[in-house]
Structure formats: C-alpha cells, structure tokens
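These are the structures, in structure tokens.
Note that chain A is present in both complexes that follow, paired respectively with chain B and with chain C.
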Partner chain A sequence: MDPEVFIAGVGIITAIGNDVAECLCSFEKGLAGMADIAYIDTKHRHNIPVAEVKLSNNELAKIACISSAISRTTLLGLIAAKQALKDADIANLSSLRTGIISANTVGGMDKSEFFFKDFVANNSKGKLRNVFDHECGCVTEAIADQLGIKDFMTTISTACSSSANAIIYGARLIKNDLLDVVIAGGTDALTKFTLNGFNTLMILDKEYCKPFDENRQGLNMGEGAGYVVMVSSKVTKKMKKALYCNLSGYNNSNDAFHQTASSPDGTGSYLAMKGALEKSGLKPMDIDYINLHGTGTSNNDNTEGTAIKRLFDPDYPPMSSTKSFTGHTLGASGGIEAVFSVLAIRHGIIYPNLRFETQMHEFSFAPEKKILKDQTINHVMSNSFGFGGNCTSLIFSRI
Partner chain B sequence: MKQYIRSSACISPQKTFGHPSFLTDAIEYNGTRLRAIEPDYAEFIDPKIIRRMSHIIKMGLAASQECLNEGNTNMPGAIIIGTAYGSLGDTVSFLTRLIELNEEMLPPTAFIHSTHNTVAAQIAIMLKCQQYNNTFVHKGISFESALFDALMLLKEKEADNILVGGIDEMTDASFTILTRLGLYKRWPVSNLSLFETSSNGTIGGEGAVFFLLTDRTSADNLAELLGMQTFYKPVDTAEIELKIISFLALHDLQIDDIDIVITGKNGDPRNDKVYNQLSQSIFRNIALGHYKHLCGEYPTSSAFALWLATNMIKREEVPLVVKEISVKKINPNKVLIYNHYLNKYHSLMLVSAC
Partner chain C sequence: MDNLCKLGWLASEILLKDSFKKDNYRAQDIGLILSNANSSLDTDQKYMESVNDIPRSSLFVYTLPNIVTGEICIRNNFKGEDAFFLFDYFNAAFIENYVNNLLDNNVLQACICGWIELVGDEYKAVLFLVEKLKSKDAVAFTKEQMNKIFED
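Here is the complex of A and B:
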C-alpha cells in the first residue's frame, strides 16, 4: 500500500487574518478581507478593491523577525511557514530529513517594480538591491535559510495552481522515503504587475466578488501565504500533538486548451478531481465539502461547475469559495485553501460563500451561504486551477 | 528499476540542433553574451502563431517537438520544465509598458505569456496533452528539480515517456542587470579561450534542452540515467568530495570507474576554485571536460551538460572542444556531471551506456 502522508501543522496569513485563529474568527463573523487599496502605489486605488494583508512591510518584518528590505512575498511566506512549523511542534526536527517546497508566481516583483522605474529611464540606474533577488526561487531560499532547512528545497510555479502542486510534490517526497518532514505551500504578495495584468484581461470585479453567482463580474485579487507541514508515519509515532488529517488523494492534469481560458467542458478540472478521487480510493459521494477554486470570473466558475456536474451529479456535497473572503491569492491560493480544508475537518465547519445571491442557470447546485458548524467532515476536496491549463485537486481525509 | 534517456534535443549557442556533427566546429563568440542559434521555427510551430510568441516559447516548442520526433513519440506521459527566470522577455515587456504607459491602456499579450509555466502550457496545448504538467523555478537547480520529479514519476509508475526540459532565455535587460551585478566579465573575451582568463565574471548564455525519459529498455535509448542528486551550501570542499564519493557509492561505483567528469567551470575564478581543487584531489586521475564556454553560464545550463554527456555516450566520442587535455583517448561509458551555481546549488548527474 501507498505510504500515508499526514498533516501535522498549518500556518496562514491572509487579508482576513494574520494567523489561523484570526482567519477562523473572520469566517465566523462573515468578514471579508477586501477593501480599498492601501499598500500598493497604483493608479487603480479607489477604483479596484483588493484583499491586502492589513500590515505594512515594516510591520510584517517585525513579526517575521527579519529585515523589511526583502520582498513582501518572502515576508508573508516566512510568517506562515514559521507558524506551520511551530504548530507541528516536531521534536528533534534537525535529526529528520526536512525539506521545503514553496510556490509563488512573480517572485520579488514588488521590489523589481521599483527597480524598473529607474532602469527603464536609464539602464545604468535602479538600485540593484531591489532586483538581485527577483527570481521565484529566491523567495523559497530566503524562507528555507531562516528556518534552517537545508536537506531539500525547490520552488514550483504553475500560475494559480502553484502551491497545490507544491503540496503534491512534498507528499511524494515523503511517499518515496526521500524526506521525513516537508513544509509545503505558497506565498504571493500583491503587485502592480499582477494587478495590471489581470486588469488588462478585464476579469477584475469593481465590487466585492461573487463566486458561483449568476451575476458574478470577476475576481478580486488578494495576497497571503499558506503552508502545511506534512510528515511520514514514522515521524507521527514520536509526535505529542494530534494530527490534523492526511492527504489521501491528489492529481495534476492539464486542460491543454488555451493559455488563459479554460475549456467549456472543463476537461482539465474534471480530470484533476477524478484523478484525486481515484488516488484516494473514494467515490464522489464520500466528499463532504468542496473548497472551490471559485474565482468569480465568468469562465472559471462555469468550467469548474461543469466539471463538478460531470463528476457529482445528482448528489452535490456542500461547497464554497473562500476567495469570497481572501480574494484570489494566485500562487498562494492552493496553500491557503489547503489550510482551510484541513481546518474544516478539524473544526467541523463549512465556510460560507459570501455575497452569493442567484444560482447559476446552468447548474442545479449552489454554494453554501451561511457558515455550517458541528458538521462531520471526513473528506474535503480542494481545487486549484491556473493559467496554462494547470489543474490540481487535493483531497484531505480524517484519520 | 532503470531509467533511460530515450531522446534529446538541444537549442544552444552552438550548432547542436538538427546538425549531424557533434561540436566539431565550435562557434567562437567575442563578447560576454552567447545567443542561442534559432532554428527555422516554421518547421515546428504553426506559422500563424509564431509571430506572437516570445523567444523562450519558440525555443521551448521547437526543442520539445524535436525531442519527441527523435524519440518517435507523439504524446508524452508528462511534461515537466525547469526554468529559473521563466518568460523573462514577456515579463520585462509588460513591466516596461506598465511604467511607460503609467498603468493605462496596457495590451494583455505580454502578461498572458509572462507566467513561468507558459512553455509547459504551450507544449501541452500544441500536443493536446492533458497529462501531468509541472514547472520548477528554483534558481540553479530548476532543471534538476524537474528531472527529479520525472524520475519519481517513473518510479511511481505514474507515467512513461516523460518530457523534461531545462530552458532559460537571456534578454537585453537581464544581461544588463546581471552584468551590473558582476556575473559577467567586464571586457569582451573569446568563449573558446574562456578558461585562460583570470578576471572575475563569466559569459552569459541561454538555451532550451529537452529529454524524453523512459523506464523501458530499447536499443534506441541514448543512455541510462543512473541517478542525480543536489545539495545546498556545502561548508567546504571536503564536504563536496564526500557528497560525490557517497553519490557514486550509491550506484556501486568509485571515482576510478568514471571515464570523464563534466564540470561547470565557467572562467570566473570565484566559481572555478572548487573544480580546480577537486582536479587536484578526487578527480586527479580522471579525464575532465567542460561545457560552459560552449553554451554560456545560465541557471539551467546543466541541461546542456546532460545533453552533452548523453550524446558522448551514444556516439562513443568526446568532442575535442570539451576535453580539458586533448591527448588522451577517452571511451565514455560512464560520465559524471558536477555543476554548481554561484557556489550555493550543487548538482550531480550520472549517465552510463545502456
């Protein structure tokens, strides 16, 4: 039998909270993280709402105990990864083979933007300290160095499914007995680059987003970081704390249709979910909650819904898009939503899909509007789909 | 379980793509930037869409298609790419326009193609390949991470005929910035006499190299990939020696069993120090070869080294331009590649005749 991979710790920072407790509190109160742009210096302020983490770089740096001169992406990632390791509370970590698999989409772009302002005008200008760590890998390296992780590290970038793929890769390193402990997830800070990029695609909602609503107008961009600590069964024997759950299934498929749009029949999403179910040995009816990719764009929600219909019709589990709280955190979303999925099992909660009003006419199902508590949740499916047709589904299961 | 390289294709600053010769007439460049020689893309890509594609996408599509052709495979079982910088050209283009146009009326195309997974995605779209698709972006071990993923997939029996690529492009902006950061030499040099220089810095390069990996034996396989390993920030040369010896021991080999070691020497004394030390210690009695004077230094250049090793084994010859000392006749059966990137990321790859 395939060796099991257990979730031993979680860490998170998003627009709705700087740690697990704060995020859960916001879910309880139904408080979304979107607001007017406060931290990015952009023309779109007051025009496009975003879900920023409500701390300046200096404030983040204080929490992370590091210089504020590094990328906000690294600051967010370091805070969430530290939380996850602390939460897992693994004794003698240094004696175990430990790795970090982290994802992001634009590396140190928030700082490169400053550099380029001067560089574009004159190629001999621009402060090099703002560009030397532009690469995506630099973010992971800085986090690994701070955590003292040396045995294994790498970075994955598959657009908005990046950190879900990081979790799969980490789990496989444990299954192949190459590592004992893996911190996996992702981080992405909001940047002018991505904000303007998504704006040119005309998929940003000028109001707060309404995932899976008939009248949805697009997504809200967010930022944050989310990591899980995965351990092998060998490690669990020495652990004092209760484990959260295991990662029972996963799959990575490609839609192979278009660089930024998904296929009308949702082939990639369908294959990802179906493959994850097969891997876990579960049937669609076993899934107790789907944490949707649910960006709020016309295209995504239609495609994802179509794929869900193909797989689950006529018995749909409760589902919701937590992006209605956190915004779309791009490369971090798979990690953040993995943490929410794990917490759903631990606390028996199903998160509400904020601002949902009208069911999509194509479907006979609708997301949950109100928080559901004291649920028995055994299996949660978490979807992450990205540009380039990269579709990934994860399944977390109670142990 | 054994893992084989079934086919390969390499776009580089040398005549490595679609040429029957094997680095017999190496191209000399005078400067510090080596540009990839571009093939006739119309042979590989729908001419209607070529115009909209950036350099890295075109290189990726052509090299991956040629690799599949060489391996007589229409549909790979997985597509995995390693790229440190990703779609740098499109990224710089969108960022520049964002600044010049002050966030207004921006065209979306450059942004759409700027994501790091664009090459892997475009290959999937071209082939309509819905299988496993991943992109690794970790600096000097981006390609190694992709290769490691492919080897795990083979072991897990999750896929066969896995397409793995190492790809990076150099743009005017990145060349300027990396020069300012001190990576490249301040004065023009000939790449063919790169190892005779003593000034700091190296020469920059780029390329797209793809491999098709399988666990099935075949007379057509180019070579066997015995294994690979990476390590991070070793404390000293003694630790590197130990890593190399234990890596070989893992495959029941000793240093003397290796016919030639391909090193990542790049003409920068800060980079080459460790290779020079090893050539006095554990590599003392082994033939050495180098490759970065041919393709330039870039984070996924180890893919070029693997292409070189694979073809040396298949063709049973070591190109003169690769050898450190030209006299000795080498019969390359077992080739070790040892590369490091900026002294931080070290990688070992071991290739053998089938």
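Here is the complex of A and C:
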C-alpha cells in the first residue's frame, strides 16, 4: 500500500490575519482582507483594491526576528513557516530527515522594483544589497537557513498552482522514504510587476471580487504565505500532539488549451479533480467541502464550475472560494488554501463565499454564503489552477 | 510566443518528429518535467521595459517559466503532470529521480524532460523522451547518459 502522509502542523499569514487564530476569527466575522492599497507604492492606489497583509516590512521583520532588508516574500514565508513548525511541535527534529519545498512566483521582485527606480535614472545609484534576493530560490534558501533545514530544499514555480505542487512533491519525498518531515507551501508578496501584469490582462475587479457570481468582474490580488508540515507514519508514532488529517489524494494535469485561459470544458481541472479522487480511492459523493480555486474571473469560475459539474452532478458538496477573503495570493494560494482545508476538517467549518448574490446561469449549484459550523467534514478537496494550463487538486482526509 | 517558448516548441518538435507514437498513450499519461537556470528572465526584462510605456499583456503572459510547458502541451495535446524546476546547472540526478518516480508509480507512461534555457542571444535546449518500452536507438535513462548528451 502507498505509505500515508500526515499533516502535523499549519502556519499562515494573509490579509485576514497574521496567524491561524486571527484568520479563523475573520472567517467567523465575515471580514474580508481587501482594502485600499496602503503598503505597496503604486499609482494604482485608490483605484484597485488589494488584499495586503496589514503590516509594514519593519513590522513583519520584528515578528520574523530578521532584518527588514530582505524581500517581503521571504518575510511572509518565514513567519508562516515558523508557525507551522512550532505548531507541529516535533520532538528531536534535528535527528529527522527534514526538507522544505516552498513555492513563489515573484521572488524578491519587490526589492528589485525599489532598486530599479533609482538605478534606471542613474546607473551609479541604487543599492545592490537590496537586490541580492531577487530570484525565487533565494526566498526558499533564506527561510530554510532561518529554520535550520539542511537535508533538502527546493523551489517550485508553476504560477498559481505552485504551492499545491510543492505539497504534492513533499508528499512524494515522504512516501519514497527520502525524508521524514517536509514543510511545504508557498509565499508571495504583492509587487508592481504582478499588479500591473494582471491589470493589463484586464481581469482585476475594481470592487471587491465576487467569485462564482453571475456578475463577477475579476479577481483581487492578495499576498501572504501558507505552509503545512507533513510527516511520515514513522514520525507520528513519536508525536504527542493530535494530527490534523492526512493528504489522501492529489493530481496535477495540464489543460493543454491556452497560455493563460482555461478551456471551456475545464479539461485540466476535471482531470486534476478526478485524478485526486482516484488517488485517494474516494468517490465524488465522499467529498464534504470543495475549497474552490474561485478567482472571480469570468474564465476561471466558468471552467472550474463546468469541471465540477462534469464530476459531481447532480449531488454537489458545499463549496466556497476563500479568495473572497484573502484575494488571489498567486504562488501562495495553494499553501494558504491547503491550510484552510486542513482547518475545515479540524474545526468542522465551511467558510463563506463573501459577496455572492446571483447564481451563475450555467450551473445548478452555488457557493455557501454563510459560515457553516459543527459540520462533520471527512474529506476536503482544494483546487489550484495556474497559467500554463497547470491544474492541481489536493484531497485532505480525517484520520 | 516568446523566445523561450519558441525554443522549447522547436526542440520538442525535433524530439518528437520521427519515432514518437503519441497515439500509443492517453493524453493524461504524457507529461513534462523541465528545468533551467534563469526562469523567464528574458521576457521578464522585456515586460519591465514595456511597463515604462504601456504594460503589455502579450509579454506579461510569458513571464512564468512554465508557460513553455503549457505551449508544448497545447501543441501536442499532452495533459499529464508537468512541472518546471530552477537549478543553477542541469541537474540530471534530480531529473532522473523525479521522472522515474512518475513512471514507476504510473502517474505517467511517457515523459519529456530536460533543459530549456534562453537569455538574450544565448540559448540551449536539451530534451529527452522517456518511455517504458525500449525503442530502436534508445539508451537507458540514467543521469550519466543525460549528462553525456547534455555536454555533447
């Protein structure tokens, strides 16, 4: 039998909270993280709402106990990864083979943009020490260094499915007995590069996004980080704390349709969800909650919905897009939403899909509008679909 | 299509043009595991230049390394697992381990893997087609063979 992989710890920082407790509190109160741009320096301030983590780099650096001269992507990642390891509370971690698989899409680009402004005007200006951590791998290296992880580290960059793929890869390293403990997930900070880029694609909602609504206008950009700590069954025998759940299924498939848009029949997302179900040995009716990719763009929600219809019709489980709270955190979204999925099982909650009003005319189902509590949730599916047709589904199961 | 995608596209056309029998496989059983050192830097720079004037969406869509995997998938209707890894150098040991795992666990039945790197006028693409049944002229899928072919 395929060896099991267990979730032993979680860590998170998003626009709706700087840790697990704060995020859960925001869900309870229905408080979205979007607001007028307050931290990133851009001409889009007051025009486009974003979901920023409500702390300056200096404040983040204080929490992370590190210099504020490093990229915001690293600061966010370090805070969430530290939380996850602390939460897992694994005794004698140093005697176990431990790795980190961290995803991001922007690297230290926030610092590079800052450098670029002075440098372009005068190439003797700008401080090179501000751009030493530009590339994506530097973010993971810095986090691994701070956590003292030496056995294995790598960075995955497959757009918005990046950190879900990091979790798949981490699980495989445990299943193949190459590692005992893996911290997997991702981090991304808001940058001008991505904000301008998504703006040119004309898929940013000028209001707060409305995923899976008939009148949705696009996505809101967000930032944050989310990590899970995965352990082998051998490690669980020595653990005192209760495990959250296991990662029972996963799949990555390619939509093979378009560079950035998803196919009308949702082939990639359908194959990812179906493959994850097959891997877990579950039937569609076993799924108790779907954490949707649900960006709020016309294209995504239509194709994701079509794929869900193909797989689940006529019996749909409760579903929602937590991007209605956190915005779309790009390379971090798979990790952040994996944490939410794990917490849904632990606390028996189904998160609301904020601002949903009108059911999409194509479908006979709708996301949850209100938080549901005291639910029995055995299996949660978490979807992450990225540019390049890269589609990933994860399934977390109660143990 | 940006230059990195053109390079990957052309290299995959050459790789697959003669002996590959796509119809022997289901679309979801063919995947891609690619790598390079500089991600999509070539287009990242061009896109950043456009930001000074009008940011161009036609450039922005190529500012991710895995768009080239997407382009090859679109061209050939490959729907299996794909990933893009960044390494300072061509890490044949990693590729061998990763692809073998996908094939041994029947996640894939055939895999295209290797290196696609392009910055400015400098480029290098080395792709390998890995299948379970030995075809004529095939060599064993080992890091040593890959390194030898890569260096040649």
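Operating definition for what follows: the second predicted complex is superposed on the first by the 394 of 399 C-alpha atoms of A that agree within 3 Å, B and C clash if a C-alpha of one lies under 4 Å from a C-alpha of the other, contacts with A are read in each partner's own complex, and residues count from 1 in each chain.
We take it that a residue touches a chain if its C-beta (ideal position, glycine included) is under 8 Å from a C-beta of that chain, and two chains touch if they have at least 3 such contacts.
Remember, predicted model here, so these are calculated numbers, not experimental data.
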Combined model on chain A: chain C and chain B, fit or clash: clash
Touching partner for A:153 - first (chain B), second (chain C), both, neither: first
Touch count on chain A, higher of chain B and chain C: B
Partner chain in contact with A:372 - chain B first, chain C second, else both or neither: neither
First, second, both or neither for A:399, with chain B first and chain C second: neither
First, second, both or neither for A:43, with chain B first and chain C second: first
First, second, both or neither for A:268, with chain B first and chain C second: both
Chain B versus chain C as contact partner of A:135, first or second or both or neither: both
Clash-bearing segment of chain B relative to chain C, given 184-192, 220-228 or 256-264: 220-228
Intersection of chain A interface sets (partners chain B, chain C): 105, 116, 135-137, 154-159, 165, 169, 172, 176, 192-193, 196-197, 199-201, 252-260, 267-268, 271, 386-390
Chain C to chain A touching residues, read off their complex: 27-28, 31-32, 39, 44, 47-48, 51, 55-57, 60-71, 73-74, 76-86, 101
Residues of chain A defined as touching chain C within the complex: 105, 116, 135-137, 154-159, 165, 169, 172, 176, 192-193, 196-202, 251-260, 267-268, 271, 275, 386-390
Chain A contact footprint on chain B (complex, rising order): 79, 84-86, 91, 94-96, 98-100, 102-104, 106-108, 111-118, 120-122, 124-125, 127-139, 141-142, 145, 149, 152, 155-156, 173, 176-177, 180-181, 232-233, 344
Chain A residues touching chain B - in the complex, by the definition given at the top: 42-44, 105, 107, 112-113, 116-117, 119-120, 123-124, 128, 131-132, 135-138, 140-141, 150, 153-159, 165, 169, 172-173, 175-176, 192-193, 196-197, 199-201, 252-260, 267-268, 271, 386-390
